[in-house]
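Both of the next two complexes hold chain A, though its partner changes from chain B to chain C.
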Partner chain A sequence: MTEPAQQPLTGYNFAYLDEQTKRMIRRSILKAVAIPGHQIPFGSREMPLPYGWGTGGIQVTASIIGKDDTLKVIDQGADDTTNAVSIRKFFAATAGVATTERTTEATIVQTRHRIPETPLTENQIIVYQVPIPEPLRWLEPREVETRKMHALAEYGPMHVQLYEQIAKYGRIAASYDYPVVVNGRYLMRPSPIPKFDNPKMDNNPALQLFGAGREKRIYAVPPYTSVKSLDFEDYPFSVESWEHCCALCGSTDSYLDEIITDDRGGKMFVCSDTDYCTQRQENGHFGPLGSEAAE
Partner chain B sequence: MNAQSPDHNTAGLDHQRTFRLVLEGMSRPGRLVTLDAGERPVAALNAASAAVARTLLDDTTPLWIDPALADDSVIDFLRFHCGCPVTADPGAAAFALAGDGLPALERFSIGDDEFPEASTTIILQVERLAPGADVVLAGPGIDGTSGIADPGLAADFWPQWAALTPLYPCGIDIILTAGDTLCCLPRTVRRVLGRPGEAQ
Partner chain C sequence: MYVAVKGGEKAIDNAHRLLAEERRGDPESPEVSLKQIDQQLSHSVDRVMTEGALYDRELAALAIKQARGDLVEAIFLLRAYRTTLSRFGASEPIDTAKLLIRRRISATYKDLPGGQVLGPTFDYTHRLLDFSLVDGTEPEAAAESDGDPDTPMPRVVDLLNQEGLIESEDADDDTPVGDVTREAMTLPADRDVRLQMLARGDEGFVLSLGYSTQRGYGRNHPFAGEIRLGEVEVDFTPPELGFPVTLGEITVTECQMVNQFAGSATEPPQFTRGYGISFGHCERKTMAMANVDRALRARDLGEDVSAPAQDEEFVLYHVDNVEASGFVQHLKLPHYVDFQSELDTVRRLRADAQARQAGVAAE
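Then we have the complex of A and B:
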């Protein structure tokens, strides 16, 4: 579903933020791109929605978006959840831009906690909403210390944490927000995407921007940049897999959500990426509970 | 103001378009990016330098300007559109505008290990920006290698650039401009041997 560009609301600057703020954020974005994975502090503004609802991502999007852009917003892969719908409406109202649910038609994809299954292209920018940007924060609460650790590339404690998980659980137990090293230098939080999505960040043709509103940080991964998930030689990084296929589209290689369907233990597995699932069904792929089976 | 002044009713949208092109350049080093046809040169400033300055500079960004570029109309332009303080110390500048009078790169700020972003971004006017293979680049943002024709940089530029590489994440980011075209050299970029398009 694609909504065409429209006349923006009067009384607001284009894309809500004032030009001075955009200029400041744009300078931070350029520095972030020049130092891949390094967190750049910025003067995060109050936005007309609470912290935790994507204020960082919205400020980044507001600073890059133009009249000719087509915006897609997803929350956990879905285009039709409250957060995604609200942010899409926000930019349709304040910037008058076209919005879409189709990954292939978007020039900017703002996301909370997923990377679309459909591969991104050189002509797209993906903007991540980030709650906690500092990968070392749960290991070291003091900003002055984590800043030193980044300056010295002192990332041993993160390896120790992963090792402790192996010692305790027999495997690396982190399943989302799985730490990565960008361009062989900076340890970075990929935001709470499932580790299933981590390999998509590596050498991606699209520019990846990250905005943390409450924590006031912007960081970036340029296109064609190495993003390596931390691991050990004898415990290599691996992603989740499922015994099931998507109940609706039959996909066996997408990230699946488990949906409880009744109170007697019934459940189904469906694609978390709603656009990907819909496209597959429109192209004639169906799972055991897909609409063709139901008919 | 004169006829070269941009229309203030559309300034915000102009800045957005220019920024996106600079962002494209900075995230894809070595790619030649051409600005909108509406951009005009201002005295010794080429159209791209003027557009980038209007888009990125303001009263929070001290500027160092090459004396060879700094005639009255350029200073008036910067004062009116950017309101940026002008500093005589390259090391204190957030941005620099330079041409043939580019000082040694070590005189600019490269940031420090904790705040590598506190560095100078140089808008550097060069003779030409054209596709080619005289300068071959590699690094983040480049799929293999990319190349441009010799932009006519001073002979000691590339040795100075290579000397900054080991200092990463500290370093200097450069926006090369010629006419209405720009091409970026973020600090992660290395000049390499070989031909454009080859895998590194």
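Then we have the complex of A and C:
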């Protein structure tokens, strides 16, 4: 579903932020692109949405969006989750841009916790909402220390943590926000996407921008840049998998959400990416419950 | 059978309508006016202006009304509005020595030039619910001072300074002052930035931290050198004029703490300072702020940094209630993708563990 462009809200600048602020943010974005994976401090503003609800992503989107852009906003992979709806409405109102749920029609995709299943292209930018940008934060709470660790590429403690998980559980137990190394240099937090999505970041043709509003940091992965999930030769990186296919579209290669259907252990699995699932059904792919739902 | 969270947009609109209806309450009872909030809930307005970092009583009252009296929400509303305002410059520093005093007390001297002026204070009220307020009674008129309002009220720290008993603080007009609303804070933070963060910081958090220093976590022996409340003019020098013009008058509360002395081989012992300031009348906040300011100077003064209130990363990164409130409450947002990922991991780990146990049992 695509909504056409409309007149932006009067009384506010295009896309809410004033032009000076946008310029400041774009300068930070340029620095971030020049040093892939490195966190750039920026003068994050108070937005009319709460910190922790996507203010970093919103500020990045606001500073790069133009009136010819088409915006898609997802949360947990879905276009219709409440906060995605709220952010999409914010830009439809303040920038008057066209919005869409179709990944292929979007020029900018703002996301929380997922990367779309449909591969992105060179003509697209994906903007991630980031709660905690620092990958070393759970190992070292102090910013002064973690900045030093990045400067010296002192990433041993992160490997030790993964090793400790193997020693304790027999496998790496990190499941989302799984640490990656960008361009062979900076350790980076991919934002809380499931590790299932990590491989999509590697060598992606789209520009990937990350905004952390409360923590006042921006970082980036330029197009076609290597993004490697940390692992060991004998314990290689692996992703989540399901014994089921999507109940609606029958997909066996997408990330599935588990839906509890009753209080007797009944459950079903459906695609987290609602657009991907809808497209498949429109193209005649159905899962065990798909045709029933389609009627 | 699959009922997803479709219709989010409609649900949000309906929730907002319900909120507006509940905000209004019983339509039979008269609606509260901004003037009433400003006049009769003035301390709420003062706090919202201080932590909202915007001096505008009417907008603060509006924010309080819109937030149904939730002051942290009102502070957020005011901050979000504040960021949209264009700024045309910085005012001249206000001169609190020239404050038109409504209240001025010192705990370090029994009497001092200008005297002790109690002003409007809860301090010596007995905290008994006053049932005469239930239906409203007109208060007795307050007595008026026959003193000369132009009596000079020198600041206690300036009196101490004459003898060199307290560290002197000379304004350095050449170094630009930081601005936490325009640039990301970097650490170690200088005192200008620390004071800005504390002034905008959450009263409850600052109060508890200030309290902790008095209970031994970073003790620094505070004396309330002076607390003053009053009106002061704000001057601005437009570049095209080249001389200052008065923009208006604001009410501020200022607290100067006199703290334990420090000295070294080269410098004789002197008292040190802690500073707190707020818009309006926020006495509790400014006193606590002064305690925390002094605690955060531990590094500068060569003291051990061991207590939470002395730890600038801990204090400055957690003092802002707009940040804290947003991030704590973001846990309400859906996290089912992450949770699914965790479910997958826990199920695999449990399967591994069961396989190991079965293997042990089979042997």
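We adopt the following convention: the second predicted complex is superposed on the first by the 291 of 295 C-alpha atoms of A that agree within 3 Å, B and C clash if a C-alpha of one lies under 4 Å from a C-alpha of the other, contacts with A are read in each partner's own complex, and residues count from 1 in each chain.
Note that a contact is a pair of C-beta atoms (placed from the backbone, for glycine too) under 8 Å apart; a residue touches a chain by one contact, two chains touch by 3 or more.
Just so it is clear, the structure is predicted and the values come from calculations on it, not from any experiment.
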item: Touched partner set for A:Gly287, first chain B, second chain C, both or neither; value: neither
item: Touching partner for A:Ser44 - first (chain B), second (chain C), both, neither; value: second
item: First, second, both or neither for A:Val33, with chain B first and chain C second; value: first
item: Of chain B and chain C, the chain that contacts the larger number of chain A residues; value: C
item: Doubly contacted residues of chain A, that is, touched by chain B and again by chain C; value: none
item: Chain A-facing residues of chain C, complex; value: 1-2, 4-9, 11-12, 76, 79-80, 82-84, 86, 181-188, 313, 317, 322-323, 325-330, 333-338, 340-345, 348-349, 352
item: Chain A - residues contacting chain C, complex; value: 12, 16, 18, 41-48, 50-53, 55, 75-78, 80-86, 89, 112-114, 131, 141-144, 169-171, 173-177, 192-196, 214, 216-217, 240-241, 247-248, 255-259, 261, 268, 270, 272, 274, 289, 292-293
item: Chain B residues touching chain A - in the complex, by the definition given at the top; value: 11-13, 15-17, 19-20, 22-23, 26-28, 55-56, 58, 60-61, 112-114, 116-117, 121, 140-143, 168-169, 171, 173, 186-188
item: Partner chain B, residues of chain A touching it in the complex; value: 13-14, 19-20, 22-24, 26-36, 38, 40, 63-67, 122, 147-148, 150-152, 183, 185-186, 205, 207, 220, 222-226
